[in-house]
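Sharing a structure, written as structure tokens. Questions coming.
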Amino acid sequence: MAPQDLSSEFFNVTQPYEYVVVVEVNRPAKLNSFTGQMFTDLGNIFKKLSHDPDVRAIILTAIGDRAFTAGLDVTAAAQGPLTGGGMKGAEPERDVARKAWDLRRHIKEIQEPVSEIEKCEKPVICVMHGISYGAAIDISTCCDIRICSNDARFSVREVAIGLAADVGTLTRLPHTQVPMSWIKDICLTARDFDAQEALTMGFVSGVFDSKKAALDRATELAKLIAEKSPVAVQGTKAVINYSRDHSVEDGLDYIAVWNAAMLQTKDVSDALLSGLGKNKRKPVFAKL
Amino acid sequence: MAPQDLSSEFFNVTQPYEYVVVVEVNRPAKLNSFTGQMFTDLGNIFKKLSHDPDVRAIILTAIGDRAFTAGLDVTAAAQGPLTGGGMKGAEPERDVARKAWDLRRHIKEIQEPVSEIEKCEKPVICVMHGISYGAAIDISTCCDIRICSNDARFSVREVAIGLAADVGTLTRLPHTQVPMSWIKDICLTARDFDAQEALTMGFVSGVFDSKKAALDRATELAKLIAEKSPVAVQGTKAVINYSRDHSVEDGLDYIAVWNAAMLQTKDVSDALLSGLGKNKRKPVFAKL
Amino acid sequence: MAPQDLSSEFFNVTQPYEYVVVVEVNRPAKLNSFTGQMFTDLGNIFKKLSHDPDVRAIILTAIGDRAFTAGLDVTAAAQGPLTGGGMKGAEPERDVARKAWDLRRHIKEIQEPVSEIEKCEKPVICVMHGISYGAAIDISTCCDIRICSNDARFSVREVAIGLAADVGTLTRLPHTQVPMSWIKDICLTARDFDAQEALTMGFVSGVFDSKKAALDRATELAKLIAEKSPVAVQGTKAVINYSRDHSVEDGLDYIAVWNAAMLQTKDVSDALLSGLGKNKRKPVFAKL
Amino acid sequence: MAPQDLSSEFFNVTQPYEYVVVVEVNRPAKLNSFTGQMFTDLGNIFKKLSHDPDVRAIILTAIGDRAFTAGLDVTAAAQGPLTGGGMKGAEPERDVARKAWDLRRHIKEIQEPVSEIEKCEKPVICVMHGISYGAAIDISTCCDIRICSNDARFSVREVAIGLAADVGTLTRLPHTQVPMSWIKDICLTARDFDAQEALTMGFVSGVFDSKKAALDRATELAKLIAEKSPVAVQGTKAVINYSRDHSVEDGLDYIAVWNAAMLQTKDVSDALLSGLGKNKRKPVFAKL
Amino acid sequence: MAPQDLSSEFFNVTQPYEYVVVVEVNRPAKLNSFTGQMFTDLGNIFKKLSHDPDVRAIILTAIGDRAFTAGLDVTAAAQGPLTGGGMKGAEPERDVARKAWDLRRHIKEIQEPVSEIEKCEKPVICVMHGISYGAAIDISTCCDIRICSNDARFSVREVAIGLAADVGTLTRLPHTQVPMSWIKDICLTARDFDAQEALTMGFVSGVFDSKKAALDRATELAKLIAEKSPVAVQGTKAVINYSRDHSVEDGLDYIAVWNAAMLQTKDVSDALLSGLGKNKRKPVFAKL
Amino acid sequence: MAPQDLSSEFFNVTQPYEYVVVVEVNRPAKLNSFTGQMFTDLGNIFKKLSHDPDVRAIILTAIGDRAFTAGLDVTAAAQGPLTGGGMKGAEPERDVARKAWDLRRHIKEIQEPVSEIEKCEKPVICVMHGISYGAAIDISTCCDIRICSNDARFSVREVAIGLAADVGTLTRLPHTQVPMSWIKDICLTARDFDAQEALTMGFVSGVFDSKKAALDRATELAKLIAEKSPVAVQGTKAVINYSRDHSVEDGLDYIAVWNAAMLQTKDVSDALLSGLGKNKRKPVFAKL
């Protein structure tokens, strides 16, 4: 299936350049807020892109001027299990443990599609703009590179709606390697923070004058990545993610095992040859 | 016991606003330097605040203009076991292993009260000013949020007095997620660094014009936290701390188990309801 | 053996001040690029400095104006096993698994000398200037403190030559505690970044006007470190490195065991005494 | 869907008693050897049983007298990717790294369904008889309880067919807590071992005179489990599995969070009441 | 305080031999079943013995012929928080999350005193007889050595009373290194197992003809331990416990740091001297 | 260098069969007790055998009838640093911390050669007989398979000579997966245990009537191993050792990366082909 055929009601998937795919959240009328189904759809898209040899870099953005996403669709969530049954009447007769069991299963079911973004073998660049609340943080912490336009406004919303974030924010933020004092500040207060603060603290690694400028930069990065050996690029992503959760000792051992196979690729000699001699030319790497 | 009754010789404990408690180090004549007993007292205060349903946010500060704390009371420490017996004459007859055993026990006895600050279920905001040496780092790295006034001067003192920090600085600094090159710089040289450097490196997440301004900001943050659901706030603190020391995989599993119970709170629907509709009003959450 | 006798064809080792040693990469004609043998030599030098009682701080720099190092000597590497045999003709007859086995062994053999820098008991300050590519990142992430001159240009080169970095960059960068979004950006694109960006992101903790100014600052830091108790300094390095790879709980226990012995040093009382009273003087600490 | 409707070409799924389900491998003509598709089917069955409220205990066995399973269907595997392309002609033109990438994906695709048995929320009792080779070890180490008839003959086959086991045997055997010296012995030699040796070493926890006797015992255990509170039983499985891979400290914390919800079940008072007083009766627990 | 002064209503503490202390559960009329208070008392006793220089080995046993302990006092527990409020009426009005919070705190409060047995610096030998249910497993898995008389009958009771064990059994059993298949069998069924089965599976390391014979053997072991260097004995316990929860790499590093201090004891030369030469005599070691 | 040329004063290295090497401790006059130098020599032998393509299985045994080894040469050790300087006079003037530093370095220097046995890529079978004390446990826990003759007498000697074992016993025994209660028993008492007890507890996986019979069995095992694909055998050892120290999740991922390269070996199709069809014949595998 061509990447662009992955489009669905709430997501556009396009391939503007060779090897570069753009995934857009497409529910601008509702500020791109997420329903449970949208998490599932998003997970499926990234699961498929992960193994697609025609894809080498993915840009995740959202349609409309006002919001990357306003987060969970609260009206929908209020009926659903994610908020403990929410307002739909309390099921007082239901055994607490059995309800807990269902909730745990349900949380894991929402976590899984979000984790597909992190597990996606291809690098993912997240471009945020405008309102970037709640799910915006859950989702963007699964991406490899985060940049934004200078009108972006972020917020970890969960404590504002009475719950501890469970789709990944509280777990992944401490692994984005931004200062812990600031992480606690934004998570415990649910306060807004802007693009500049996000940059200073390292949450995003670039801020641009407009959504368009940010997308241009993302495209530039994506093309840069896409012209490299996919064996090298995807290995780099895999090994950094492994190292994040393991000791240095373990990381060194893992990369040694990894490269035992991967160094046998022709890409190395192709890349080396292209860089030597006078007439430099771009090497062409086979699909992966 | 009301929080304010926890005051002791060297610590003031007050409750200026509902759910907000202020703990002040109170030994200004000695630049708020710490004796062994003061560590014990501080631990006891935080242990009690941890389970107190009338407390939702804690500010840790110190009395006087000159210092948050000058660190260990060196004159006192010089007699004590923490410095290996210090200058009190060497006990040359004592078996080295037995002395080592006592020292290890003693270090753990000092570590425990300091760790109570980190284990405290309620968020703790540390406001530092003036001289903030040695124990200031040990203690503030146990707090959730660190801010300071622009006259703050910090130093990891230990190598200056001949020992590797053992009350927590060397262990917790690498988990505050500030750049490791800078951590090594300040720990290996014992050099001073100022408020601005602390902010740039992420050690503090805010610098203010005066001690008063910093305290005002802390109060603002504390009130913001205190008006949120305590189930959400305390869960957020617990899960971030867990995630800091575990892999992403483990963290996702933990929050799913955690929220299996916590999502059944009424706070979620109360918070959701308060945010919907026209007449927004602040929800009132039961004590925890 | 005196530290200065460790000099070899490609490395100068000098001791300009008591307890301070300077190691210089010395292959300026080739932009200080590294051959396999040079990794081995560098490892041996640091292995010996590690246990040398006349050494308390080490500065790692490179000769020449243009480059700290341009990275792997590509021409040499192109023949060698590190690049999977490179261009020397493919050995098509060789069993893939057996070739993989050799590669894994070989990668570990290159990793080991680089790791000697990290394992070195003495603090290491890395001063980078000019072109600081590939191996520059591998090596400098093993050092305790990284500073540079403002003409430094960095790049994680590996994806540009078709492979995932395996000498340590991908493993150690996520443990330098700089923002993960930026780490992915520079590792996946192989793009250049300059001294200022390196400082903002925390990769280096200081940028200076010239190579000389950077070296002056390194010397200042080295002397500051060298005048402290070596028991305290080397313990501080060891415990921070341990804490980086372990939970807070584990770290606190480790430092307690560590100091059970180390607090029995006379250095503590010597340092304490020197700081008290009127006539302050520098304490003299025995070698370690 | 009723559990019994999960039957497929190669698996019978029946429900002989309330809450007790029996899964039978059904390819006796081929000694119940496994094709790739069979792994997928098995995974799907356990994935569905995992959430089925009508299931409280599962028995995994195999049809026929001669074999639980002879392992991988070698003839089929010889064509397939699991054996590196096997004998189907070498694809000499294919890049080694790209082939490696495919293999890694494929191994994970086979690992996943096998892991579903371990992840299944309901306890699984594995009853082995006759030839129990290769996949028999992979699969049974995912089960909670392993018993066998005295004619069972086991073998970790992988080194005999030229590869290191990758579907789970090498990973899970060291976590079954049987002596490591024996694990290495059977894994490195691929030698047969019988029911008695398996019992002595603790690999199985019961040996019975015949397949029928073993199945009778399994049924007895399954009924015993099925009459208990499913909240208690499934929690016990989940927490033991967590504890296996974590420190004691972590395990204690996890069970405390777990039971914060689960202890609120009515099952506890129901069970307690049924055990007190004179007229003991079996409590009836709601489905989970 | 002399060890024997630690006796309380439900525990006898005696010192029959130099350095050997015996702790006896003393509630035979109730089959030595445990109330919440008894856990607290037991924890306090072991906390004090841990630092007592007159103690080198501890035997934990119970008074009466019928039971080591029948486990939790169900009648008492039925009122208490450990069973989720048990039968005392459901508090239907209470918020589930707040109740969960209390339960988690309460579980940790019961876990703590039990863990004191494990943390006790002195080796603890547990001697079980007769009914050894529930808490017997929780407690004995904290002890270093477990032996029993041949009339001992064990059971992990929790699933029989509707809950997953949370005082330590599910966490510590997988770390006693007995076969996992058997652990799951006894934990999921709550079935009885006898002394012989406990020995075969390795849960106990000795079975004796009578309670008296088992106590005699425990005394023998305790005396053997007590005559050794306490620096060596207590170090051995500490390092084995550390190694249980860490990798081999970590364990080797830890013992090296540990012995850096402990090898400086005179006990080594005293022990060595006593073993050399003709006139062997028992060395006398200083208290620890 | 041919394996047999590795022989030295205290070790015989022979190659009685193709691919099978025998290493014998050769100091029978001193009951094969170990000096520091002997540890170094042993490490060097195994380091070289590890990469030798002519070796596929190694048997470690000892010359003479009376002892595998009596452990550390106490007379030699009494002078040396391993025992804290032992009896050679106390160096009272030496700073405790500096002495501790030296001891830590020295312990690591002894640990390293012993660990070479564990790191050796080829499987190692340890055959013990007679007195097998102290170092016998350190060394044999590094081996993959442990068997013995029925006259073997074991003892973890360390507490008998006043120290906690630091060359590996305390760290590796808990990872041999034998019951923890028994490990504590033998380590805390330093008591003897015989071959039968070692077998029952799983420390050895075979006991034979005589040293000769044990060696015959070891030869049988070694030949069995040597005729298998070395890619499969050495991979199996590597992955089991990795899995021992990691979670199941991590282990599954590691083997998938490992086999990505290793499944591309021709050994698989060679082994598969040899097992199919009528005329079975032993496959011949290339060296590794």
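By written order: A, B, C, D, E and F. Residues from 1 in each chain.
Criterion: a contact is a pair of C-beta atoms (placed from the backbone, for glycine too) under 8 Å apart; a residue touches a chain by one contact, two chains touch by 3 or more.
Since the structure is predicted, the reported quantities are computational estimates derived from the model, not experimental observations.
Trainee: Are the interface residues of chain B and chain C largely the same numbers on each copy, more than half shared, or largely different?
Mentor: different
Trainee: Would you indicate which option in A-B, C-F or B-E repeats the interface seen between A-C, with over half of the contact pairs matching by residue number?
Mentor: Checking each pair in A-B, C-F or B-E, only one repeats A-C, namely A-B.
Trainee: How much rotation, in degrees rounded to the nearest 5, is required to superimpose chain E onto chain F on the basis of Cα coordinates?
Mentor: 120
Trainee: Between chain A and chain E, what is the gap in Å from one C-alpha centre to the other?
Mentor: Computed value for the inter-centroid distance: 48 Å.
Trainee: Report the inter-chain centroid distance for chain D and chain E in whole angstrom, where each centroid is the mean of the CA atoms.
Mentor: About 33 Å separates the centre of chain D from that of chain E.
Trainee: Return the residues of chain A touching two or more other chains; collapse runs of consecutive numbers into ranges.
Mentor: Those would be 96, 100-101, 175, 177-178, 202, 231, 244, 246, 249, 254, 257-258, 260-265, 267.
Trainee: Would you tell me which residues of chain D are touching chain A in their complex?
Mentor: Listed in rising order, the residues are 51, 95-98, 100-101, 105, 231, 234, 261-267, 286-288.
Trainee: Which stretch or stretches of chain F touch chain E in the complex?
Mentor: Touching chain E from chain F are residues 74-75, 77-78, 82-87, 96, 99-101, 103-104, 107-108, 111, 115, 118, 158-166, 168, 170-175, 177-185, 187-191, 201-202, 244-246.
Trainee: Enumerate the contact residues on chain E facing chain C in the complex.
Mentor: It comes out as residues 242, 246, 250, 253-254, 257-258, 260-261, 264.
Trainee: Which stretch or stretches of chain E touch chain F in the complex?
Mentor: 123, 144-147, 175-178, 202-206, 221, 224-225, 228-229, 231-233, 235-240, 243-244, 247-249, 251-252, 254-265, 267-273, 275-276, 283, 285
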